[in-house]
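All remarks here apply to the structure that follows.
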Amino acid sequence: MKFMNTIEKDSSRLNRKSSISGCFCIRFFRKTISGLRLDALALGALMASGFAGTSALADIRIGATVSETGPAAFLGDPEARTLRLLVEKINAAGGVNGEQLKLFLYDDGGDPNKARTFATRLVEDDEVQAIIGGTTTGTSMSIIPIAEEAEIPFISLAGAIEIIDPVKEWVFKTPHTDRMACEKIFADMKKQGYTKIGLISGTDGFGASMRKQCLDVVGGYGIEVVGDESYGPQDADMTPQLTNLKGKPGIQAILNPGFGQGPSIVTRNYAQLGIRLPLYQSHGVASDGFIALAGKDAAEGVRLPGTALLVAGLLPDGDPQKPVVTAYIEDYKGSHGTAPTTFGGYAHDALRIYVDAVKRAGSAEPAAVRDAIEATSGLVGTTGVVTYSPKDHLGLDLSAFRLLEIRNGSWALAE
Amino acid sequence: MPELMQFLLSGVTVGAVYALVALGFTIIYNASDVVNFAQGEFVMLGGMVTVFAHHAGLPLPLAALIAILSTAGIGVALNKLAIEPARGAPVVSLIIITIGASIFIRGVTQLVFDKQLHRFPAFSGDEPIRVLGATILPQSLWVIAGAVAVFVGLWLFFTRTLIGRAVLATSNNRLAARLVGINTGWVMTLSFALSAGIGALAGVLVTPITLVSYDVGIALALKGFAAAMLGGMGNPKGALVGGILLGLLEALTAGYVSSQYKDAAAFVVILAVLFAMPQGLFGKKSTDRV
Amino acid sequence: MRLSEKQWTLLILAALIALSPFFFPSSYYYRVGSLIFVNGLAVTGIVILTGYAGQISLGHAGFAGIGAYACALAPAHLGLHPALALVLGAAISGVLAFLVGRPILRLKGYYLAVASLGLGILVAMALANESWITGGPDGIKVADLGLRAVLKSQGLDLSNTEFWYAFTGLALLIGAWLALNLHDSPTGRALRALHGSEIAARTVGIDVARAKLAAFVISAVYASVSGSLLALQNRFITPDVAGYMHSIEMVTMAVLGGAGSVLGAIFGAGILTMLPQVLTVFAEYEQLMLGLVMMLVMIFMRQGLLPSVLRLIRGRGE
């Protein structure tokens, strides 16, 4: 329904735009002799017709640039769906402070250069009052300077600790950091008495960044990394790497930081090679899809740090996150038919944090909202209970990270 | 020793995937001198259509057949709607058309299906087969058998059948081919149908191993292209050997040197081979016409 | 007075760069403009290699990567001024192109394409994997060029986007001017001769290998400078800049616009840079539309957009 509106609204623009490839330009060229004037006009007309898209006057203007397509689409697609869904839902319920939300959402394809351009567009052209997004660390880091210069709040959906450390006045983020995922896993390994482990990480941004963080903190847990392998994000077989890890003397467990199809293939290869060591995955694969892709038998016993979202049904009734994640899952299932992933949850939390801050600030004025975001306290999200402070723009601690294990083909709490 | 064996088995598995993709390039190239950069999308379509047909309740073999036939149909459409109208355009323009086609097919696929990863069950189960202390999945044998079968089929096609020779003649000299009574338009249609069908078959065979989503085509096409060039573009033997070699190189580098630089090692070898043999391992020597 | 093609090209470019801002409703358009200029610069290098000399490269993003990371790493580790880092990047790219150019350029057509593709991928892989110095796939911050502050102290206060629009526009003008000069130089004539037929060129005494190498090195320097400018403008860079998708994008821009002429290729850069911005209104139909536009242009305008359009005007005029 919403989509039909867009089509109608844009149909006139669409017609004009087809001139790029076709007849309009040619007729235009024929009439005019001066190449100079014509080019300037054509360019101007093209830009004006194509870009000016900010017709409807909305009260609260939220910008978003996420990786709906490209290598990080696995993360960005549920984020985009979540933002659209929640904005629609909030507006249907009367908006925020009596004002409607207007979402400007662009797909940066995971390209940091595009993300920066779209961020510029959000600030300069769409005149948004806050930006949510940056699915990957690279895109988030590209958006930060734009948000800082424009002095509007930016809530990132990416993992790296660099985004909020050192603390930047206008920048916040919703996911746990990679470092926290490492710490959660290593704490469990230590408890199990493992001291020698192997790493096999994806060479994509997610895997490489988490590998770096894990190597940084592993020493503090008395654990030694005896094998350090990697694979390309689109590789078809990881048995050579796993064979090498398996052969390391004294190795007790293996950790696989990565997302996308890589971890599924690693898990399948693990079973193929008959490796009996405990396998830890990262929060990058925390979705029901992972169990299906890796296969129920191969995935049995895999442990990973996940959020409450994955185990909503298993949470005790008193758990503060239970109503929040249950409501989100119902909404998402209602409109998309499938359960949301952890990454959609990041977008859910970001929007809730923003809306909560606007309510408390009493307006969408960026500086006031920024202060209100920083004063966020005890806000229950899907990822955890968020409490920001001037020194902490992450707002989460390890408590919200739950160690999950795959048992009988579904998620279970390991602790 | 079991390690080496495992590296070799892994290399052959991955190599057979590359070889299947590379084999798809050869027919269109032979018929038209165009490297079809949308070949990877045919592989992707083979996997995606099978997944969704299978989910809709069709038995796997029927779903696979539908995938192969519909992809062949898309190949024909690509030829009729985009390649044929551009006849006579420079080769580089044709390349851009196929790149455009690949973006277009990806765009349509994500709309019609979705952007998630998918898989369907392996044909003969997931119980690994043990060979000298190493293991290989039954599905890998399917992929290897598929690559060899397609290779033999193409080899027979190009050397033993009239149509196959007509394809080669068309590539050599379109005008001369027409003069001796070859319907070159029909030859082009046929080669696109065959290439797309082979691509889709590759997709059907490899999906249980590699998984499939709307955007797996680019990486597969890139590796398949490199494999085909390593072996010598246009030669089915080159595609098969190039693919297997590339897979083995990656697996051995990952096993013995560094898994981070396995792709780098593959490309270094490709560069070295091309410097020594500018036409690839089995490529024909071409002469410049003045 | 009749203007030569070179003068026309420069005049049109200069006028476009100078006059377009009058149509800009917001300063976001300066950002898009400067991206067009940065891409235009890289594509001008492709014109020299592909348009003049007829050689295909699918690896020029590798040189853009070298230029970009020179600007990220040299100021941080060697204490070089970012402007000198740009020069250093260009020099490294030129030397690398010189070293690998001779063996690579012996290859023809698709074999050259795959070899250059491999070269680009090797650079991209090194940038992504050597994270101890490059920051890995997550990217790295780039130093400030500092020129904007200097201009400000001279009384010329430009916003960030305005400054980069002007600066990259100027760079593109200079790049186009150099490329056009090359077109009419002995080397340029040699390149165009070998484009037609290498054997014919050789028989009239042209050192084909040397001429091709010159084109390869020059185009590598163009790509490198373009990468540097992108890095300096964004103040942040990831290995994507060296990825093969970026290489293919460069060639597509050049061919789509018309690789035979500098203006055509820059026109192509403009179209393909703006297209994703325009197509966002189609939301999930964006990719589909992009592919469709690429196919339609190449089917109906084989020589590229600009030459086809120009021929049409001339054809009607006569």
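Note that the chains take the letters A, B and C in the order they are written out, and that residue 1 is the start of every chain.
As a working rule, contacts are C-beta pairs under 8 Å (C-beta built on N, C-alpha and C of every residue); 3 or more make two chains touch, one makes a residue touch a chain.
Since this is a predicted model, take the numbers as computed values, not measurements.
Engineer: Determine the set of chains touching chain B that also touch chain C.
Structural biologist: Shared contacts of chain B and chain C: A.
Engineer: Considering A-C alongside A-B, which chain pair is linked by more C-beta pairs in contact?
Structural biologist: Top pair by contacting C-beta pairs is A-C.
Engineer: Taking the mean of the C-alpha atoms as each chain's centre, how many Å separate chain A from chain C?
Structural biologist: The mean C-alpha positions of chain A and chain C differ by 32 Å.
Engineer: Which chain B residues reach two or more other chains?
Structural biologist: If we look for residues of chain B contacting two or more partner chains, we find 110, 260, 263.
Engineer: So which bits of chain C are touching at least two other chains?
Structural biologist: 129, 284, 286-287, 293
Engineer: Can you list every residue of chain A that touches 2 or more other chains, as numbers and ranges?
Structural biologist: 69, 203
Engineer: Considering the complex alone, what residue numbers of chain C touch chain B?
Structural biologist: Touch list, chain C to chain B: 50, 56, 103-104, 106-111, 114-115, 117-119, 121-122, 125-126, 129, 197-200, 244-245, 248, 251-252, 255-256, 259, 284-295, 298-299, 302.
Engineer: Along chain C, where are the residues that touch chain A in the complex?
Structural biologist: For this pair, the touching residues of chain C are 8, 11-12, 15-16, 19-20, 22-29, 31-32, 35, 128-129, 131, 136-139, 141, 160-161, 230, 234-238, 240-241, 270-271, 274-278, 280-284, 286-287, 293, 296-297, 300, 309-310, 312-313, 316.
Engineer: Give the list of chain A residues in touch with chain B in this complex.
Structural biologist: Touching chain B from chain A are residues 69-71, 73-74, 77, 203, 229-232, 234-237, 239-241, 243-244, 247, 260-261, 264-265, 268, 271-274, 289, 292-293, 295, 297-298.
Engineer: What does chain B use to touch chain C in their complex?
Structural biologist: Interface residues on chain B, with respect to chain C: 35, 82, 85-86, 88-94, 96-97, 99-108, 110-111, 218, 222, 225-226, 229, 233, 260-261, 263-264, 267-268, 270-271, 274-275, 278-280, 283, 286, 288, 290.
Engineer: For chain B, which residues count as touching chain A in their complex?
Structural biologist: 2-3, 6-7, 9-11, 13-14, 17, 110, 115-119, 126, 128, 134-135, 137, 206, 209-211, 213, 215-216, 219-220, 251-252, 254-255, 259-260, 262-263
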